[in-house]
Amino acid sequence: MSTAEKITEEKKITRKDFMTDQAVRWCPGCGDYAVLVSVQNALAQLEKNKDDVVFVSGIGCSSRFPYYVDTYGFHTIHGRAVAVATGVKTANPKLDVWVISGDGDSLSIGGNHFIHAIRRNIGLKYLVFNNEIYGLTKGQYSPTTKQGAVTKSSPFGSLEQPFNPASLCIGAESSFYARVTDTNPKMMTEIFVAAAKHKGTAFIEILQNCVIFNNKTHEQITGKEFRDDNQLVLKHGEPMIFGQNKDKGIVLDKTELKVVRIGENGITEADVLKHDAHAESPNLAFMLSRFTLPQYPVPIGIIRQVDRPAYEEQLHAQIKHAKEKKKAVDLNQLLNSGDTWEVD
Amino acid sequence: MSSEPECHELEKVTIKFAGDSGDGMQLTGSMFSDESAVFGNDLATFPDYPAEIRAPAGTVAGVSGFQVQIGSVDVHTPGDTADALVAMNPAAFKANIRHIRKGATIVIDMDAWTEDELQKAEMEEDPLKTDLVSSYRIIQAPISAMTRETLKETTLDLKGKDRCKNMFALGIMFWLFNRPLQNTEKYLKKKFEKKPDIIDANVKVLRAGYTYAQTIELFSVNYKIRPAKIKKGVYRQISGNQAVALGIVAASQKADRDAFLGSYPITPASDILHELAKYKEFGVKVIQAEDEIGGICMAIGAAYAGDLAFTTTSGPGLSLKAEAIGLAVIAELPLVIVNVQRGGPSTGLPTKTEQSDLLQAMYGRHGECPLPVIAASTPGNCFEYTLKAAKIAVEYMTPVILLTDGYLGNGSEPWLIPDMDKYPPIESRVPKINKKPYMPYKRDQQTLAREWCVPGMPDLAHRIGGLEKDDRSGHVSYVPQNHEFMVRIRAEKVERVVELVPDQKLIGNKTGDLLVISWGGTFGSLLTAVTEMQAEGNKVSLAHINYLNPFPENLKKIINNFKQVVVCELNLGQLHCILQSQFHNTNFLKYNKIQGQPFMIGELKWHFASLLAGDDL
Amino acid sequence: MSSEPECHELEKVTIKFAGDSGDGMQLTGSMFSDESAVFGNDLATFPDYPAEIRAPAGTVAGVSGFQVQIGSVDVHTPGDTADALVAMNPAAFKANIRHIRKGATIVIDMDAWTEDELQKAEMEEDPLKTDLVSSYRIIQAPISAMTRETLKETTLDLKGKDRCKNMFALGIMFWLFNRPLQNTEKYLKKKFEKKPDIIDANVKVLRAGYTYAQTIELFSVNYKIRPAKIKKGVYRQISGNQAVALGIVAASQKADRDAFLGSYPITPASDILHELAKYKEFGVKVIQAEDEIGGICMAIGAAYAGDLAFTTTSGPGLSLKAEAIGLAVIAELPLVIVNVQRGGPSTGLPTKTEQSDLLQAMYGRHGECPLPVIAASTPGNCFEYTLKAAKIAVEYMTPVILLTDGYLGNGSEPWLIPDMDKYPPIESRVPKINKKPYMPYKRDQQTLAREWCVPGMPDLAHRIGGLEKDDRSGHVSYVPQNHEFMVRIRAEKVERVVELVPDQKLIGNKTGDLLVISWGGTFGSLLTAVTEMQAEGNKVSLAHINYLNPFPENLKKIINNFKQVVVCELNLGQLHCILQSQFHNTNFLKYNKIQGQPFMIGELKWHFASLLAGDDL
Amino acid sequence: MSTAEKITEEKKITRKDFMTDQAVRWCPGCGDYAVLVSVQNALAQLEKNKDDVVFVSGIGCSSRFPYYVDTYGFHTIHGRAVAVATGVKTANPKLDVWVISGDGDSLSIGGNHFIHAIRRNIGLKYLVFNNEIYGLTKGQYSPTTKQGAVTKSSPFGSLEQPFNPASLCIGAESSFYARVTDTNPKMMTEIFVAAAKHKGTAFIEILQNCVIFNNKTHEQITGKEFRDDNQLVLKHGEPMIFGQNKDKGIVLDKTELKVVRIGENGITEADVLKHDAHAESPNLAFMLSRFTLPQYPVPIGIIRQVDRPAYEEQLHAQIKHAKEKKKAVDLNQLLNSGDTWEVD
């Protein structure tokens, strides 16, 4: 059999393999659709066996996601997806476990499980759909809603300083943090693939548009007319250059990062900082996490990705070690261990 | 050497060791118990820790106690009041004197009986200078001084020497109750294996105490308690918390699944977590979660992925788990929730025992959210009921709540080690390779359980969740009739668990004047009180319930055969409320105590006698 | 112009407006209701939203409906089945046809009746081509086309024009039921104040619809419903959730305390939060917390600091609040927990109504943790019961659970606006300047309430907490007898709330063949069913309970006077369980429905008739 | 009356005024004692009126604190102190509200309320007693326990990457973070005084010793023989110099901070970085938060302190504004608002 023949024989895995027969129930125009497609594409690209993949979600619009992916799926309760997923992954580390959650689900009610999962570095692909609003419950502000925003629950404008999910994540000892936009399916797929290969918690913040309750909240970042100037697309090892004319760059100025124009004031490409996603120190990642409009462009891509043992790996190693050390032990022996005496 | 004292034979005796938290009273008590167990006595123990925070030395709040009842007959409780007390300081005396039988022997450490110590214990008067003395046999022994004296040639520093004084007290008690010393010496040798000087010092002081009691003519009598007629076999001491931990390992083996525990520390349940964390060689996965909600959710995830999952907690934690329990109910996943009850409400009396979480276990979740509830009744049978809870969970695909309490969890008793080969397996219904589409909510005709289909199984991928789901496919369903059907079938499934519930045992005759109903950790007290009353000629029987939801099938019949029925609980009447609602033709009486303390045999008997006499209570 | 049609007079009529989520059916329904209310009819409405996520246009899942019953007599429910349906597309037709009375009038938008739309609605056959047609009077109106036609001269774009088509349908219904248009036109003018072209377009289309119905001889009859004899006064429409929000403001004024709300959004309770967030000018402090636990804990903190504190939620949130409620119970702080019940367990049927959190409200906390539970029974009286809950909370220093449900919360009715000056004040017991030491747990002899002593009060600094506390000083106490005393006194305090509980009202005779017991949001259905049966000569009475813990004092007496007693609930029998336990001499029957839907008058009557006939059910 | 007379007449507030009659129930030698004294001293120094001070705590050894301070006090439930305190402060912003909590109480079960309080910047003085262990429940590992530590619940060594409370706090948008040791009462008092004056959430991590279950966990930082070399005592505006001989300093090297020896390799005091606690950007504070032994000295003192409106201030301003705008509104008017009609 020729190679060509072999290839045609091999069943090629496509996005279709990961589609279910359930009607997708998001509003027309919702950003969630694009994420769904990108995830399915990533799974196909990774040639995943659907039996070994699990999607675990909380509650929210985004959290209906598992119904639309033809793998195992568990639509749990509000805020607890990552805790349930921790159980799944620890029980069976061979599974690919994806967590699907929203800004309310993960950063409001689920905040505690979120920071702890990241600290433990449990092997999860963790997607948070950040639409800066509670979609499912019809439009209250969330912990990422911009200060001053008028929403159902803040008729006079929200008073709360929002979280910066990137800073919080890095502050919680993240080993992988990436940010993508729902408008860029190609990059989403790319980054989901990278996340899938990461050991430990790969956290991805998706800037997602809610057409109904918070339309265009990310417009300044994702809009065609803004994106080149307002996105800083990061690639490990490459210089931090952006702008329609690729003429803006990031340089270091003491403990701060600064936007400069290449060509002005004698600044050349060589002066521009190179992105280092793999740096052990989180300092650079943290600095980048502070970039917000209008002063700074918004970093997109993998901002941090470092190697750190995953929790479930370590746990299973401990178990393996214990088993090797005490091979012969059976249940009756265990019960009979310690101080015993016989009555006869 | 003095003349031999008289030696009286006793059926049962209760001894309490009490001292400052630093005095090693828990160890002393355990050693006395172990020695007695090996000697062949039946026994029951109860440690009585101070409230959680270490109080300053010498204060009443800092007193740590250990009570044990030993007997040549069956022993089911650590005893109402003690026949002998060791009080290492005035605070220990003050804290315990109320629970010492008049006429009892009290051994005190004279050297600790100083102005200063009396003040720390906030005792205005020196009780030794009051009338009190005449009610007891008080032995003033120079325990501290004698200990130092005994060890003067050793290399230990003063602190090290003083740490041995509990052995002196133990030696005195060993002589007083005619115990051998061998086992204790063996134990000391093992415990301090790497510190021969410590072994040496402890053994020396132990013997010195023994000899002191033998020599000095303070005791005119000593006592003998013959071995009890107990079942043959190999025994060990076991606490309820240890028994749960071992039960979890055993259940995992019987189910041929890895055990998984998601838990968060809380008194008095933490020891289950500690114990289980040790059994890594059995493949047990233990996660200390960030909180109770995380703990149960991890367990739910593990159950979903095919592990035999547990979560352990006490009252406040059970409250926090309420929402997630609902998820396990609707997802129909096997999960055992162990709740070691303590005094409530809120933080309440965290180190004390109570039975006040029963109604919460039954009803403490939103929506129609039924699940099986069972309760252990002795430290040892926490093992069996853990296994049973797991069996119900797996074979009916449901979360199960197992109730124990602080009294069972911390208390211990000699435990006849069971032969695991004689336990039945726990059988999970695993889907066969299937024609598509897979129907995850298809049920077994008999149990109504769905299959345990876990991620990784080929060609069975499906989605489940907390929204109401279609009867068979498990798809989200808003169809009104489907909801009613599912609500009713989940309730019926729990009712069908009755097939795994053995008939209710009755202790005593099938008919009579008074039926006593009780449940959970009060078994020992109720059994003792009722059997004593039976022996005294009363027509009293006891139905001690372990299966609270569903009840054993024959319970109703039992109840109908008595003139009066009284429900005894350490709460305001929670089982009473359930029974009254389910068996409304009977007028259930109730007897309740809610003091963070077990029932006393005496108070129970007094109350039953009043009921039998028709007193107006 | 055509000949005048016949005009029939009706006592009651039920109309349902249904269309796609984007079709503005909620608005249309409300306008019809408002117009009828101003006209003087009594009425009750029920919106029927699609499940939470916006489904694709044209699908059955995306159908939004609004039902209203209007009458010249008292109206207590939105009606079992509709006498007239407006269906803006095939999906709306499909979703509702089961609930339309045979013979009813159905107005459909012919223009939406396309192959494509039929497919989106997953209708295999066009129902207009089946037998079905003969059972109804189906009016095929070219609503979309006529709307565009009417607006062809305006500047609106096509989308804008299409958005007016609901007004065309409304116009038709206005003519069919002989309603005036003035109020609606006034309303439109106010709503779109700043958009005169929109006002203009809507008014035009509304009138066009009216004229269309009048002109085209499709209807051979139209209907007249005379004003009802209702109490004089000023009215407004109010939903249960609005009523709770207004009740909170009112309670805060009556108590002369700032209102505080700590809450987390959840369907169907969120609207209370939204509404209350608007009332900043009344000093209302609203925090949207990070989760339900945070919400109640903030409220507890605010109560401790002297605010009149509330937390609002639905089932899953109530589960999460369990532990913190226990803290409020033991700390004896005033707090109102409003639970807007929805279909459970777990996420269940979040947009549907149910009464399945009663047992949780009663028992869903660890330890002995009693609190008063009350339930509203109409959208309007959510206001009064919120005030009452606050009064109990403050005057008895206790958390109180107020139960409403999705049906009450979203449903609305005309509400006779009360005169607030006639409501009694809510009186807090504030400590007087005091001799030291302050005793924060000293109680009022009658209510057993402690004082509300808040930080900032001079010379009264003291410490409280979740550990059991001494009877008077509030210091931590591990004394066994004190615990029993405190547990019992907290229980007794809740029992004494009975002094604020009015006698149970009985609708019907004091004795009879059947007593119907119900509670909460089912009032309208039960009242209608029972009064209809009474009118038909049956000896049936109704006791609809609002005070669930403690029960009204006279309840027992009422129960004893009937041959049969049946408890009707939208759950598996939760009030039944409580009644059976408390009044065990009666054999309570039960009738339950658990479909996320209110009771139908028909099914209730049928069931009661069977009971009266002694049928074996 | 002479000034001297006046002074004698004025009642001087001392520590004693803040002591209760309750027996203090911590183990002899527990670090909590020193914190108690320092807090009482700070209150005295601040001349606080005890009626206006509230201590709110969770559950843990440390959380018994309120019983020992003669002010108002509320010993709440595990993990929820800061949520309860948020209610207290919002209800009555005039109160001085202190939160007392442990590493388990705030960073494990209370993690969600912790990050949200910091984000909201609610006006609380927030003291976390970090003994890197669960004291009250007798010795399980906590989210700050060092990896590998053998505790009651980790007999084979803890697998978990601990939180760095400073990084987490800064990642959660903290406006005030300080770290102190239980061995330095003078500095504790100083910093508690500074915290008391801060607007918004003043978070203080106290390195506290648990003699019973985790003795000497901070020994490398607090021990007499180590402290000079292992502590970097920070003061705003002053150079970051430390070491027994004051000869070590911190310098900036690209995005990292480095320890250098003054006098070696031509480095002088002038090269050493000056501490800037008030910098709007959290970058420097974050970098400092990463300092851990043995590579770096441990920063002690106020690491970050910036001005940001407090939540309760803003809320009350909104209320005030609303009241001013709608002065005449009374309850009957509210009920009668919206569409009403009259039946007669």
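Labels A, B, C and D are assigned to the chains in the order they are written; within every chain, residues are numbered from 1.
Criterion: a residue touches a chain if its C-beta (ideal position, glycine included) is under 8 Å from a C-beta of that chain, and two chains touch if they have at least 3 such contacts.
If you're wondering where the values come from, they're calculated on a predicted model, not measured in any experiment.
Asks: For the chain pairs B-D and A-B, which is connected through the larger number of C-beta pairs in contact?
Replies: Pair with more contacting C-beta pairs, A-B versus B-D: A-B.
Asks: Which chain has its C-alpha centre farthest away from the C-alpha centre of subunit D?
Replies: Comparing chain centres, C lies farthest from subunit D.
Asks: Quick one: subunit A and subunit B, Cα centre-to-centre, how many Å?
Replies: Here the centre of subunit B sits 45 Å away from the centre of subunit A.
Asks: How many angstrom between the C-alpha centroids of subunit D and subunit A?
Replies: So the centroids are 31 Å from each other.
Asks: What's the distance between the Cα centroids of subunit B and subunit C, rounded to whole Å?
Replies: About 47 Å, centre to centre.
Asks: How many Å are there between the centre of subunit B and the centre of subunit D, using C-alpha atoms for each centre?
Replies: 40
Asks: Which subunit C residues touch at least two other chains?
Replies: 280, 290-291, 316, 323, 326-327, 331, 346-347, 465-467, in rising order.
Asks: Can you list every residue of subunit A that touches 2 or more other chains, as numbers and ranges?
Replies: Answer for subunit A, listing residues that touch two or more other chains: 59, 75, 77, 108-109, 111-112, 116, 143, 156, 315, 318, 322.
Asks: Quick one: in the complex, what on subunit B touches subunit D?
Replies: 52-57, 59, 61, 264-267, 270, 273-274, 277-278, 280, 286, 288, 290-292, 316, 346-347
Asks: In their complex, what parts of subunit C are in touch with subunit B?
Replies: Going through subunit C, the ones touching subunit B are 51, 315-316, 318-320, 322-323, 326-327, 329-331, 341, 343-350, 352, 354, 356-357, 359-360, 362-369, 465-468, 478, 480-481, 483-484, 487-488, 491, 571-572, 577-578, 580-582, 584-587, 593-597.
Asks: Quick one: in the complex, what on subunit A touches subunit B?
Replies: By the definition above, subunit A touches subunit B via 20, 22, 50-54, 56, 59, 66-67, 70-77, 80, 83-92, 94-95, 112-113, 116, 315, 318-319, 321-323, 325-326, 329, 331-332, 334-336, 338-344.
Asks: Considering the complex alone, what residue numbers of subunit B touch subunit A?
Replies: 34, 37-38, 40, 187, 230-237, 246, 249-250, 253, 258, 260, 262, 279-285, 287, 289-291, 293-294, 297-307, 309, 323-324, 326-327, 331, 417-421, 454-467, 475-476
Asks: Would you mind writing out the residues of subunit D in touch with subunit B in their complex?
Replies: 23-28, 59, 61, 64, 75, 77-79, 108-109, 111, 134, 136-138, 140-141, 143, 152-156, 212
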